[in-house]
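For reference, chains read A, B, C and D in written order, and residue numbers begin at 1 within each chain.
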Amino acid sequence: MSDIPYKDKGSILRPFKSLQFFARPAVTQPLEPRPASDNYRGFHVNDWKKCIGCSTCQKVCDNAAITMVRVPGLPEDPVKGIRNERPAIDYGRCCWCGLCVDICPTGSISLTTEYVHTCREDELDSYFVLPDPNGIHGEHFPKGWDKTADADLVDLERQPMGELPGEERIDSFDEIVEGYTEQQAIVEASRCVQCGMCHDACPTHMHAPEYIRAIWEGDVEEAVRQMYRTNPFSHVCGRVCTHRCESACSIGRRGEPVAIRWLKRYAMDAVPDLRIREIAAEGKVDYISGRRIAIVGAGPAGLTAAYDLIRKGHKVTVFEALDKPGGMTRYGIPEYRLPYDRLDADVAVITSLGVQIQYNTRVGRDVTMDELRRDHDAVLIAIGLQLGRSTRIPGSDHPQVRRAVDLLRMITRGESFEVPERAVVIGGGNVAMDIARSLARLQKQQFGKVQITVCALEDFEHFLADPEEVTEAREEGIEILDSRGPKEVVIEDGRLTGLKTLGVISIFDEQGRFAPRYDQQDEQFHPGDMVIESIGQMSDVSLLGEELTERLEWNRGRLKVDEDGHSSEPWLWAAGDMVFGPDVVHAVADGHRVAASMERYLAELDSEKQDDGRTS
Amino acid sequence: MRPENYQARSQPPSNEFELNFGPNHPGIEGNYAFRVKLNGDQVLEARADAGYLHRGFEKLMEGRLWIQNIALVPRICVPDPVPMEVCYSLAIEEIGGLEVPERAKWIRVMQLEMSRLAAHLFAFGGHAATTGMYTTMFWGVADRDLILDRFEELTGGRVYSIYNIPGGVRRDVPEGFLDRLSSLLDYLESRLPDYDNLFFTNQVFVKRARGVGAMTQEQALKWGVTGPNLRATGLEFDVRRDDPYLVYDQLDFEIPTESGGDALARNLVRRAELKQSIRILRQVIERLPSIEGPIRCPIPNPLAWNVPAGEAYTRVESSKGELAYYVVSTGGDKPYRVHVRGPSSMHAVQVLEKLALGARLEDIAQIMFSLDACPPEVDR
Amino acid sequence: MSKLDNIPVRHQPTEAAGRKRTNPLAHVFDELVKFCQSRSMFMLHYCTGCGAIELPPAMTSRFDMERLGIQPMVTPRQADILLITGYVSIKTLKRIILTYEQMQSPKYVIGICSCTVNGGMYWQSYATAKVLKDYLPVDVYIAGCMPRPEAVISGMRELMSDIKSGRAQNWKRYYENYDHYLGNQQKLFGEDWQTPTDIIAEARHYGLMTDRTLGEHTALLEKHQRPLEALEMRLSAREKQKT
Amino acid sequence: MSKDLNIWLDDLLGDIENIQFKRKSSRRVRVDVGSEALPALLELLQGRASYVHLSAISCVDWIEDEEFELVYHVWSYETRSLVSAHTRIPREPGVYLSIYDLYQPAAFFERDIHEMFGVFFEGSPDMEKFILTEWDGPPPMRKEFDSEAFVNQHFEWEQYHPQWLKDLEEEGGGVTTRPEDIRL
């Protein structure tokens, strides 16, 4: 077997053959440290421009060697998902495994080919290093272990969301998005690195890392519990939220952000409604404070405030002009995006806590503000933006020129109107998409084909509507034109025939004010039986009554309130879209903020009452 | 100087005395100790004393995420760390049902054989030093360092490569690496006759090592001896061939055996294995460029990775013998239990204790190095 | 062959404060001694941890520390440098302290790898000591896990320049602050911990007694001190079991 | 060959009561057996089925079930297959029989398990401390022993305060999250 002739005794002189090595060059290396290999794992460097302070490296570090340190001079922007924190590395712990490099969502951290660091006992502080682009000794060394595409430990692709295809969905108001299965949700949740950027970016600071972790662990009830800490409209937000969390998500730096909104939707759908009510009731006080609060408007802002206040033991009555709750989430958002039963489920949780909603009660007509004030300790108006704005172009007073919000409300309420065979929508926001897509469905049902043109002022680079809305609208056969400014509604013999538009040169002037300039040569005609204006909404504040309107302070047509929504009248608050502009999750955040302010006011009243009681 | 409270100890009445051998002793491989009872310089009884390198790996692993442990496992056997990584990864892949891409398997085999070469060069270099032949040690260590250079190029680390992760390997092979590895193999192969002249056929060594620490095949099987030490007793057994993992079943190699069962035979087996490892590496170099595809199968985000509940017992052939991992998962993000069966846990303890009986004191070092006992595998 | 000075030394040597003899001849003699000490260092051959695997390459042909006058030495009595190569388990730490105390002054300790600084990757382990300098004065630390031979040589180079400039005096701190070091050792090994070397007597001998040499911990040591006896061997324990 | 052998193995194991076995792959068999039958099983495997190599004995602490699981991995050089025999013993008192008479390597594993888990093996040649001679605490591999808590209680960490950190603290920055705050 052995090919080594050790058994022959050989010559004892055989080792002396090695004497030939005297003539060979020595293998000894020079004393200076050699340059290390191209992917050597030496000391860290961190590109501070790329680093967002997400602390993922800290979580993956097996040796607890990474400390996050705030560096005040660096930019900090929660909405964009940037923190002014940077990792500092303890070389008394580090083992140079490079996991921090492989997992870094931004790819900012890497290891260099530098490997010599020595110090004396009294200089041990030099082992605690804040890596910056310059390396541990401020000298430049070539990069060693760096992120590569095949070594990335971050999963950059999100789980695909099932959707009804364009042809199938266009003739009905069925929900388009199918939602995640359990398996998909767990996989999607596992992509999260728990950086908490989403929490910081969310207007109402939802505990997204916690509920995503709970979903991953398979504990959907815990996930719902985490959601109800900050958001009683989780069904709604799980479907139609503007998801600023996802814009801030650190995974989204290089890939697709975690589908936080769909995960929320998944968890809410996975837990039975009755169980959600039990979870929402956890932590509700078991006494009655005796305070009475009136809230005008059963939209997200008003009901969120109602939810907070009822949990504190106050008696809350909500006055709603229409016959169903939800406000704009019901009457502004089409059913294919937000099925009404999900909205009803959210509201039912709130009413199950004891909030009373008086429907068909229009303040100003059925009950006056003075009456509300008389019967309640505090009043909150959260009436939203229910009036559409007009373009005021020639012909816009024609009856076939309609406002998007009015039409959407009519569609929701099932009120009949003559569906146009061809329609032109002015506007490029999400509401424009909503009305276009709703009308498209009605057209398909009635005429079998879709003929809708959307003329937006903005170009596609700066489009207002969400990109997925635009994509889906196109899939449904809607024509979307960018950079078109409305010129006039064309009316022939009293009958509306279409809209003339002009090409847009610029929208804002040098001071940044809204002053669109048009190219008069670039005129187009869009034929249509109806023109729908969808260029913004405003609030109908006539319910306040003349006397109160006089007393209150106003700011450019909007009710002036402080940052807590408190008006100049001590008993009156305002919240929601009418203060901040249209957005569900902002309305929820505002509801919480106002409720907290009202709570403080009521507590003050209580302590004053106690003081009075003592003195008398 | 003599401390103030110094007291002379009384001498034992006979030639029998007890001696602490190690841990601070040049004849000990690593940080390890024996207590030996001697009659003159003949060993009457030897008792291993381990734990100097005990870090509680198995406990530490239970407290770390699945992926974090890849940085921990190579430390269990410092001279031959790659089999540790591969074996741990294999266990997770078996429990989690991960399909390792073909290319990753070949890269793993390449590393394993490189590591075996390095470990063998180190092992007989060490053995040579215990018999006073320092040149062999100097050569062995210097040639091993050339392999470490290739490791550094491939994995970014000289000794601890931390290169294998569950699902595959962490980086692809750098450009031109295989050529450089190939020329290194040519060089190593050209060195083998030099080693033979200097060491393996050197009658000084042959006479010194023959019969030292000899065991029969029967004894070896009874004592749980594995690896080159078992092959040195004539049993043709190798986990790579008989319980194949990765792509060893597609490779053509021989299993060298010797019949002596002594320190000499063990070294000759290692010497013959060098040649086989070079042969395997040549096959890998030939095949690897034609195997395309990913180097790792997709794994979940390591921070939220639950390996499904289950258990696996995986074995690989390390340079010291049979290395095995028993991993238990309860479906959590951390292992529930990891048990490491290092080959040296037999060789360095029971086998050494038995082989030392009747040996001369100066042979203990030779026996230990010829068994290639690696104390951290015992201590863990 | 490159020059010794080509190895970069991060810290420029600073002159040690204090005792510089004014007699020019004595001064020259002192400098000569320091030069010789720095150019002829014997390193104790004791692999305490995994970093030791990079020492054979550093010592043998390829990186050849003997160029710097550094050579392995098998007994502590003749060694100048104690290399702590990585983590020290508590069992090893006892032996390290025994070894350190046996070494002749001046002696130097080099802490290699992360583990000697702050626990390293075994920071969660119940079996390893975390901060080496609590138990022994350390002269030079070398970062890495494990440091490459070149880094080890750079560390050695730094120690050499410290010795030459007379700055490497940390071994004196062990005598001067014996109570502190002993206290930490007792915390780990139990209050009856003792070593065969009489550090207090040595401190007197070297004239390094300070008010921190003796304290509550050395008092404990005296309380528990018992005459040195041969330890009962484990071998006999097994014999007992057999019978 | 191995297929025939596995059938033969089925017959062999069929003789023992209270036994379940599962073939995980062509070379891996998992056997679950009651603690009273395990020595008999191993004796059969060694004596009649050539499983002469004890690869390892693993111990798993199932603290919630109040049981220790002992796994005996035995390998046959002839059939080239590995049988993992699982058995469970109560956590208290944690005493079991040694198999040293069958397999000599068991001495090391049993001693190790005794040290790390506190399971006593009756008849094992040596139950003395080995690795943990300087350890006074509970057997560390038991699940109730929390190594990290122990370390934080008994050891102090290096307190770094470098100049750059002082500068940042002056500007209003400084340490925000220490690694111990976010342990997953």
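In this section, contacts are C-beta pairs under 8 Å (C-beta built on N, C-alpha and C of every residue); 3 or more make two chains touch, one makes a residue touch a chain.
Since we're looking at a predicted model, the values are computed, not measured.
Chemist: Which chains sit in contact with both members of the pair subunit A and subunit B?
Modeler: C, D
Chemist: Out of B-D and C-D, which chain pair has the most contact pairs?
Modeler: Higher contact count goes to B-D.
Chemist: Rounded to the nearest whole Å, what is the centre-to-centre distance of subunit B and subunit D, using the mean of the C-alpha atoms as each centre?
Modeler: Once rounded, the distance between the two centres reads 21 Å.
Chemist: Just how far, in Å, is the C-alpha centre of subunit D from the one of subunit C?
Modeler: Each chain reduced to its C-alpha mean, subunit C and subunit D end up 37 Å apart.
Chemist: Counting only Cα atoms for the centres, state how far subunit A is from subunit C in Å.
Modeler: Computed from C-alpha means, the inter-chain centre distance equals 58 Å.
Chemist: Report, in whole Å, the distance between the mean C-alpha point of subunit B and the mean C-alpha point of subunit C.
Modeler: Centre-to-centre distance between subunit B and subunit C: 30 Å.
Chemist: Residues of subunit A that contact two or more other chains, please.
Modeler: In subunit A, the residues touching two or more other chains are 27, 36, 59, 62-64, 90, 92, 95-96, 124, 127, 194.
Chemist: For subunit B, jot down the residues that touch at least 2 other chains.
Modeler: Only 49, 51, 54, 56, 59-60, 63, 65, 71-72, 142, 160, 303, 379 qualify.
Chemist: Of all the residues in subunit D, which ones touch at least 2 other chains?
Modeler: Those would be 132-134, 140, 145, 147-148, 158, 184.
Chemist: Would you mind writing out the residues of subunit B in touch with subunit A in their complex?
Modeler: Contacts found on subunit B: 64-65, 67-72, 135, 142, 149, 152-153, 155-157, 160, 162, 170-172, 174, 194, 196-198, 200-204, 206, 256-258, 264, 268, 271-272, 275, 294-296, 298-305.
Chemist: Which part of subunit B faces subunit D closely enough to touch in the complex?
Modeler: The touching residues are 48-51, 54, 56, 58-60, 63, 65, 221-224, 226, 235, 237, 242-243, 303, 313, 315, 322, 324, 326, 328, 333, 336-337, 339, 341, 345-346, 349-350, 378-379.
Chemist: With touch defined as at the start, can you tell me which subunit C residues reach subunit A in the complex?
Modeler: It is residues 1-4, 6-8, 10-11, 61-64, 67-68, 114, 116-121, 123, 133, 137-145, 147-148, 150-151, 153-155, 158, 162, 170 of subunit C that touch subunit A.
Chemist: Mind pulling up the subunit C residues that touch subunit D in the complex?
Modeler: 90-91, 94, 117-119, 123-127, 129-131, 134, 189, 234, 237-238, 241
Chemist: Per the contact definition, I'd like the list of subunit D residues that touch subunit A in the complex.
Modeler: 158, 160-165, 168, 171-180, 182-184
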